[in-house]
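Should a chain be cited, it is by its letter among A, B, C and D, assigned in written order, with residues numbered from 1 in that chain.
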Amino acid sequence: MAPTDRPVTENTFYVRYVETDAMGITHHSNYIVYFEEARSHYSRVQGADYADFERSGYWLTVAEVHARYIVPTHYAQQIAARCWIEELRSRTVTFGYEIVDAATKQVCVTGYSRHVCINHAGSVTKIPESWLSTMRHGLP
Amino acid sequence: MAPTDRPVTENTFYVRYVETDAMGITHHSNYIVYFEEARSHYSRVQGADYADFERSGYWLTVAEVHARYIVPTHYAQQIAARCWIEELRSRTVTFGYEIVDAATKQVCVTGYSRHVCINHAGSVTKIPESWLSTMRHGLP
Amino acid sequence: MAPTDRPVTENTFYVRYVETDAMGITHHSNYIVYFEEARSHYSRVQGADYADFERSGYWLTVAEVHARYIVPTHYAQQIAARCWIEELRSRTVTFGYEIVDAATKQVCVTGYSRHVCINHAGSVTKIPESWLSTMRHGLP
Amino acid sequence: MAPTDRPVTENTFYVRYVETDAMGITHHSNYIVYFEEARSHYSRVQGADYADFERSGYWLTVAEVHARYIVPTHYAQQIAARCWIEELRSRTVTFGYEIVDAATKQVCVTGYSRHVCINHAGSVTKIPESWLSTMRHGLP
């Protein structure tokens, strides 16, 4: 369940037709993309835009991803992707996610992803302090 | 250029990271998806929701698609997808598209797609009159 | 590491350009798709084609997916996707995966996915005995 | 129809589950990806690997793409993607495509894509002579 002791952002969107599969539901791989878009939204809202982060010479590479599928979603369904920070360390960050129906708030998919900060040469490095402090805002 | 004598809808969204490629730009195949989402939005706005259309036993299968790439777009760029009906006939419909930067309105990609109405048995059939009349609304 | 006490299949393919992202590497969501293609290949090789399984009225819906990213891959790199059965029960099956460089055999990504058998009405049901016995072949 | 006066390459693959949609067929946007993979294969076979081309400082950016959909394809269907060069000029190249059923050779989708050579600074430039001469091999 989404935590109540820290910022949780929510971006809403419609399931695209291309994202459905022959089962008539949203293909499970798309939630990994929804997670990514949710953390883009999170950092945008927090004032730590990931596009800027990247331009300043860093990447948050994905080290691990996990999803649990509870209820399927369908074409044109309006979805909300909740995102929060599970853990923020000097070199790593873990985001948590809930994909819910935008109207009923039923939880459809949950998950998390763990990221490691690297520079554009590919070396693991500390997350730059400015980005870190913005992202730390509101965390317990 | 988007026509001025008929309805043109516009839905805005951010380019997703997954949609970029190793050139650092939005991969060209994604615009075909943006076109699709634009016509979903068009029919939703016009009151002829495509999800309902499908549930009533029909599909608008894609017969042809064309895209012309003018200016590349990038991750996190806010994009607007313009959509209009080029031609509406009893069994076919052609949509036109412009993908523009949401802020500057610079046209990045243009295109069209041609669709044929089929029933769920796969036979070409007339577009149901109720959907047709709703979609015809505002056309010259 | 891939187990040695049971069948492990391997299908090889090239990373597609569309699968790369602005980091210049294969986007992490694509490995979820490689996993899927690997289990399609596994069942095909074992003689329990998933397309037939589906046509006979069943689906193996995805309940959980996990991926760990170790080494990035790149456009045009030849990859092998290893797949095996972790656990097979009357209603569920768990597949394990390793994505390796086809030439060097370096392990790039590992993961697993857990599936539940449902019928086309959406109810959880026993995996049909014929498919189960074919898939059980070679398991300890 | 694929021309008979020049090289035509053919790469075969299975339709992936993720590539299907709620119509139960391969989503039309995937053929744009099949086209891309077909021209990757073409250049690989001709000895003018696109990955090397890119590493040497150039890109073939996509200026235009067109697809005509004739017969749908389905999950696990084995497909062959035929590719050839329609026109090769000093700065541009146009590829033609046919997606056929690998067994019956029925033509399912046809198309073309037009590309412009740019350097990594984004300027239109001449295709390097070495790559051009390799690609010109076998053309009338």
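The rule is short, and it goes like this: contacts are C-beta pairs under 8 Å (C-beta built on N, C-alpha and C of every residue); 3 or more make two chains touch, one makes a residue touch a chain.
Predicted, not measured: the structure shown is a model, and the values here were computed from it.
A.B. asks: Could you tell me which chains are in contact with chain A and with chain B alike?
C.D. replies: The common neighbours are C, D.
A.B. asks: Which chain has its C-alpha centroid at the greatest distance from the C-alpha centroid of chain B?
C.D. replies: Between chain B and every other chain, the largest centroid distance is to C.
A.B. asks: If you tally the C-beta contacts for B-D and for A-D, which one comes out higher?
C.D. replies: Between the two chain pairs, B-D has more contacting C-beta pairs.
A.B. asks: In whole angstrom, what separates the CA-based centres of chain C and chain D?
C.D. replies: So the centroids are 28 Å from each other.
A.B. asks: Taking each chain's centre as the mean of its CA atoms, how far is chain A from chain D in angstrom?
C.D. replies: Each chain reduced to its C-alpha mean, chain A and chain D end up 34 Å apart.
A.B. asks: Whole-Å distance, chain B centre to chain D centre, using C-alpha means?
C.D. replies: Here chain B and chain D have centroids separated by 24 Å.
A.B. asks: Which chain B residues sit where two or more other chains touch them?
C.D. replies: In chain B, the residues touching two or more other chains are 17-18, 22, 29, 33, 36, 54, 74-75.
A.B. asks: Could you list, by residue number, the parts of chain B that touch chain D in their complex?
C.D. replies: Where chain B meets chain D, its residues are 22-23, 28-29, 32-33, 36, 54, 59, 61-69, 72.
A.B. asks: Spell out the residues on chain B that touch chain C in their complex, using ranges where they run on.
C.D. replies: 17-18, 20-22, 24-25, 27, 29, 74-75
A.B. asks: Can you tell me which positions in chain B touch chain A when the two form their complex?
C.D. replies: Within the complex, chain B touches chain A at residues 13-14, 16-18, 33, 36-37, 40, 44, 49-51, 54, 74-76.
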